[in-house]
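One chain, chain A, appears in both complexes that follow, with chain B as partner in the first and chain C in the second.
The block that comes next holds the complex of A and B.
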C-alpha cells in the first residue's frame, strides 16, 4: 500500500469542530436512514415529506413531536445529569413510574385542597423519582453496588408495583379496566387550545434552564466536573464526593419523576399500564447525542421526537414495522459516535515510506 | 546502515542463539536524549556481551529506563552510537527492535487481560513465530513453557493469573517472539521474596543459554546474586561501565549510585520549633496487591522543619502520602495532627491545615480537563465554608487565578487553558499555587521536583523553604538524595514500608544513608 492513514491525538479541540462533527454525524446518519428507507420501498421523492413536512411542517405532526419531546427531554436530562458525574442511570423508567405513582397517590387519596392539588402532585412526583434513583446512589456510595445493575433492576420493581396497584387497589371500579379513574380538571395540565400539547412544556423548559445553570454557572456543576474526572483526587482535595453523587442522583430521579407527572397529568389524564414504557434506550441515546449538555439534550430530544413522528407516518403509509424507528435511531447514534474520531484525532494520509530504515545485523550473524 | 531486508523465512532459518558467546551483543556509546528542556541521558554508555547477565543499576530518574527504551525502539536517541551484534542499530519503532531480537519485559505488563494466555501469545508473536493453527501455537508455547519450567495453564484468562504468572507469560511472549537480547525492567520489584529468587535464576539460565540479559534494578542483592557485570548510571551518565560484579562491594555500588562525597548544600536555617504538628504512631496499612504496606511507622513532624524521607521509589512512598492525607485508612496506629487524633475524612484534614503535593501530578494533583482557573478554585469551593455557595462565574475564577498565575510564573497557559496542556514544571507550579493558598500548617510533598528543569526545580524548592521559614511543617518524600540533603533539617529513610529514625542533617553520613536506602534497616 503506497499510502497510510495516520491518526494523531488532538490536544485542544476547537468548539466549531465539535459542533461540525456532531452535525456531520447527524447528516450522515439521516443519509443512511434515507438509503435504508428507500431499500424498504419508500419512494425517494417522498422522504422530504416524511421527514420535514409531517414532523415539523403541519400542525398535527408538530403537535405530536412537541408533546413527545416533553417527556423525552425530561428523562434524557435525568440520564445526562448522571452522566456528568459518570453515574450510569439506566433506571429512568423506574423513576418515571415512581413519580407517576406518587402523583397519582396524591390524586387518589385527595391530599390537600383542590387548588394545591397540582403543586402537591408535582412535588410528590419529584420525591418519588428522587427516592428511586437516590436508593441506587446510596447503595453505590455505601456498599459500592454497581449502579448499572441497581438502577436497571429497580425499573422492574417500580413497574411491577404499578401493575399491582392498577390491578388492585387503584383499579377503576367503574369499568374494571386496569387504569385509575380520569383525574378531575384541576389535576390536569392544561392543553394549548385544541392541541395535545400541554403546559408540561413549561416544566421541561424550566428543567432545561435550571440544569443549564447548574452545569455551567454553579459551584455544584464545577465540583461535579472534578468528581467526574477523578474521584480520588476530588476526595483528596476535600470535595464531598459522596454528597455530590447522592445529590445528583436525587436530582436526576426527580427530573424523571416529573416526566411521569407530565405524562399522567398532561397526556393520559389517568394512570395507565403503559405510561412508563420504552424510555430507557431513547433516554440514553438522547443524552449521548446531546453530549450530556442540557441545551444539547433539548435539541436531541426534539430531533428524536421528530423521528418518532416520522416513524408513525411511515408505519401508517408504508406498512413498515415498529422497529424501523429504532433502527433509524441506531443509525444516528452510530454515525454520531463514529464521527467522534474526527474530534479526537487529527487524520492525515501519508505516502508510505519505501521501508522503515531499520538496521538488522543480518550479514554480521551469517558471517 | 544496513536496511532491514530480512524476510521471515530467512529469520526462521537462523539459529535462535548465537554461538559467539562473550562477543559484544549490545554497544551503546555517548547516548544523549532530552525531553523538552529536561536532559534524560547525557552521554550514557553500555556494553553487554552474549551469555551474560548484565545489571543496570541506578536511582529513579538516573536514565536506565530511557536508555533501554531507546534500545528497544520506543524512542530515538538524539545523539550517540548504538550497535547490536556489531552493526549500527537505531530502531525506528519497537517492531524493528523486536525483529532484531530485542525483547523487553516491562515493569507494567503489556498483556490483554480478558484474553487467555494462549490468545495473548498468539496476538503478540503468532505472526513472527509463523503459527497457522491453534494447535501449533499451543504445542510451541507449551514446549517453551516446559523448557523454562513454567507451570501456566494456557487456557486461562490472563487477568485471573497472579502477578508472577503474568510475568512468566510476558517472558514466554518475548522468547517465543525470538528475542535473544532480553531487557528485564525491575523483574523482582513486583514479586515476593521466594518468587524473586526463582526469577533471578531464570535470568541466569537464559544467559547461560547464550542470550544477553540486561537486568534493570536498584536492588543490590539482585546484582550480587545474579549479575556477571554491572553498569551504574547516575543523572543520565554512566559512572561505572561494565565492571565485573564480584569486584565491587555493596558500599562502592551504593556510593556510585547516589553520588560521591559531594558537598552537601545545607539549608540556611536548620533550627525549628519543638512543637509537633503531625505525628504518626505505629501506623500500618493493609497489604494489597501492587501496594507496599506501611509497617509500624513512627514519625514526628515539627513546626517549621523540613523532614526529608529518602528512599527508592516503590518502598511505600505513595502509601505514606495517601495515608497521611486520609485516602488510605490505617489498620492500626494513630495519626495525630496538632495534638489531636486526625479526623477521618480528607476534607476535614485539609480543613485542619493539611496540604499536599503528590508525585503524580495528574493522578492526585490536577484535573486535566478543567481549566487552570477551575483547578485553582476547586478547593476554595469544596470545604465546609466555600467562598461561593451557588453562583460561580468564569470571571470570578479568572480574577482569582490571574494573581496566582503571575506570582507562580505559570507559563504556557492562561486562566482558561486546560490543565492537561501544561508542561510538568508548570503543572507543578499550578499545584503549589493552589495548595499554598490560605493558611496551612502541614505540607506533605512527594518528589516535588521530579521531571522539572533546573530553574523550575529551584523555584519549587524555594517555595518549600519559604513555607518552612513561615512555620509550616514540611514532610518531603523524595527519591532524590541530593534534594533531601539540600533541603531537610532532618532525614529518615523509607525502605520496604519501614521508616528509620530521623537523624539531624548535621549527623548524617551520605554513605550510611546510601546503605540504609539500598539495604533497608
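The block that comes next holds the complex of A and C.
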C-alpha cells in the first residue's frame, strides 16, 4: 500500500475545533437521519415540518417535548454522574422501575399521613433506585463483576418484577387492567394549568443545579475527577476509590429513581406497564452528547425530547414503528463520536516510498 | 426418563446453541483484544434478516446467508468505530447495540409476527429406535450441530496454528505483536468480522430454529448474557460449551414450567437467566483464574503513534 493513514495524538486542542467537530457531527448525524427517513417513505419536503414546527412551534408539541425532557434529563444525569468516574450505568431503566415501584408501594400501603405522603414517595423512589444501582457497584468493587453487564441485566429483572406485581398483588381490582388504581390528588404532582407539563420540572432543575455544584465546587467532585483520571494513582494517594464509586452509583441510582417518581406521579398518575419504556440508550446518548456536564445534559435532553415528539408524529402519519427514534439516536451518537477523532488526533496521510532494493552480498561471489 | 426430565434434556441443545454460537464469536473478538458489546444488536440484525429472507420466498440456505451478511454489515460499522477510528470500545459497542436493535425493529416491522417454516432436523429417521429423550437430544438441525462443532475448530485454530498465535498476541500485547511484524489492525478487523459472521448465525438460529417468527426485541438480552459467558468460560471456546449448556438448561426449563400446569409466578421464573448471569459473573470475577485468562490488551485501542 503506497499510502498510510497516520493518527497522531493532539496534546493541545483549540476550542474552535472542539465546537466545530461537535456541530459537524450533529449536522452529519441529522443528515444521516434524514436519508434514513426518506428511505423509509417520509417525503423530504415534510421533514422540516416534522422536526421544527411540530416539536417546538406549537404548544401541544412543546408541551410534549418539555414533559418528556423531565424524565430524560433525570435519567441522563444519572448516566452522566457515573460517566464522570468512568462507571458505565446502562441500567437507568431498571433503577427508574425500582423507584416507581418503591413510590407506588408507599401509596398502596398508605404509609404516613396524607400531607407527608408525597415526600415519603420521593424518598422511597430515591432509595429504590439507589439500591438497584448500588447493587451493581458493590458487585464491581467487591467481586470485579463488569458493571456494563450487571446494570444492563438488572433492567430485565426490575421490569419482570414490575410485571409480576402489576399482574398480581397490585392489579386494579376494579377493572382488571394491569395497572394500579389512580393515585389520590395529594400524591399527584400538580400540572401547569391546562398543560401536561407538571411540577416535576422543579425536581429536574434542582437535580441539575445540585449536580452542577457537586461536580464543579465540591470536594467530592474533585476527588471523583482524580478517580476518573487514574484509579491506581488515586488509590496510592489515599483517595477512597471504592467509597467514591459506591457513593456515585447510589447517587446516580437515586436520580433515576426520581425519574420513576416523576413519571408515575406527574404523568401517568398510577403505575402502568409503560413507565420505564425506552430509556437505556437515550440516557447514554444524552450523557455523551452533553459531555457528562450537567448543563450540557440539560440542553441535550431537550433536543432529544424533541426527537421523540417528532418520532410520535412520524409514527402517527407514516406508520413507522417505535424503534425509529432509537435508530436516529444511534445515528447521532455514532457520527458525533466518530467526528471526535478529529479532536483527539491529527490525521495525515503519508505516502510511503517503495523501498529501494538492497544489494545483499552473497558469499563467494566477487563484487 | 420420558416425563418432565426427558423433555427438559431434549430441549437443551436448541436453547444452548445461540448462546454457544454467540459466545464463540465473542471469544474470537476478545482474544484479539476487541470487546464487542454490540452483540445484542448484531444478533437482532441476523435474526430479522433471516426471517425477511424466508418470508420473501428465498430458501433456508439463503436465509442463513442473509442473516450473516446483515450481521457482517453491522460488524463492519463496529470495526470502523472501534478499530479504525479508535473510539472507546464500550461506547462503540453500545452504539451498535442501539443501532442494531433499532434498525431491526424498523426493517422488520412489516414482517413481524408472521410464522415461517422452521429449519428442520438433518436426519429425521436416524434415531427412531432410541428412547424418545435421547432421540430428541441427538436429532437436531444443521445450525445446532454446527454450533457444537465450531468451538472445537476455533480452539484448534487458536491454540495450534500460527494464525491463532498471531491473533492471541494481538490481544495480549498489541505493541509487541506490532514490533514482531503482525499487522494489528488487519488482525483485529479480521477477528471482528469472523466473530460477526458467527453472531449472525446465532441470530439466525434464534429466529429460524427457536421462535420461527420475528418479534421486535426478541433477542431479549441473550447477546448481553453471551458477553458475560465469555468471562465465565475464561476466554476458552471449549469451556464455552459447558457454559452455554448450563444457560440453555436454565432457558429450556422456563417454557416447560409454564406449560406444566403448575401454579408458578410467570414473571419471576423469567428472571432466572438474568439472575444466573449476574451470579456467574460475580463468581468468575473473584478468583485469580480470571486475571490470568483475560487478554491483557482487552478493550485497549492500539495506535503505534500513541505512548502507552
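Methods note: the second predicted complex is superposed on the first by the 334 of 367 C-alpha atoms of A that agree within 3 Å, B and C clash if a C-alpha of one lies under 4 Å from a C-alpha of the other, contacts with A are read in each partner's own complex, and residues count from 1 in each chain.
Note that in this section a contact is a pair of C-beta atoms (placed from the backbone, for glycine too) under 8 Å apart; a residue touches a chain by one contact, two chains touch by 3 or more.
Just so you know, these numbers come straight off a predicted model, no measurement behind them.
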Chain B versus chain C as contact partner of A:168, first or second or both or neither: second
Which of chain B and chain C A:60 touches, first, second, both or neither: neither
Partner, of chain C and chain B, that touches more residues belonging to chain A: C
First, second, both or neither for A:19, with chain B first and chain C second: neither
First, second, both or neither for A:206, with chain B first and chain C second: neither
Chain B versus chain C as contact partner of A:235, first or second or both or neither: first
Common ground on chain A, meaning residues reached by chain C in one complex and by chain B in the other: none
Partner chain B, residues of chain A touching it in the complex: 11-12, 217-223, 225-226, 229-230, 232-233, 235-240, 355-366
For the chain C and chain A complex, residues of the former touching the latter: 37, 77, 80-81, 85-87, 90-92, 94-95, 97-99, 101-106, 109, 216, 220-221, 224-225, 227-228, 231, 265-268, 270-271, 274-275, 277-278, 281-283, 285-286, 290, 303, 305-306
For the chain B and chain A complex, residues of the former touching the latter: 1-6, 10, 14, 18, 84-93, 96, 99-100, 322, 325-327, 346-347, 350-351, 356, 358, 363-370, 374, 377-379, 381-383, 386, 388-393, 418, 421
Parts of chain A lying in touch with chain C, wherever the complex brings them together: 6-9, 40, 88, 90, 139, 143-146, 148-150, 152-154, 156-157, 160-161, 163-164, 167-168, 281, 284-285, 288, 320-331, 333-334, 337-338, 340-341, 344-345
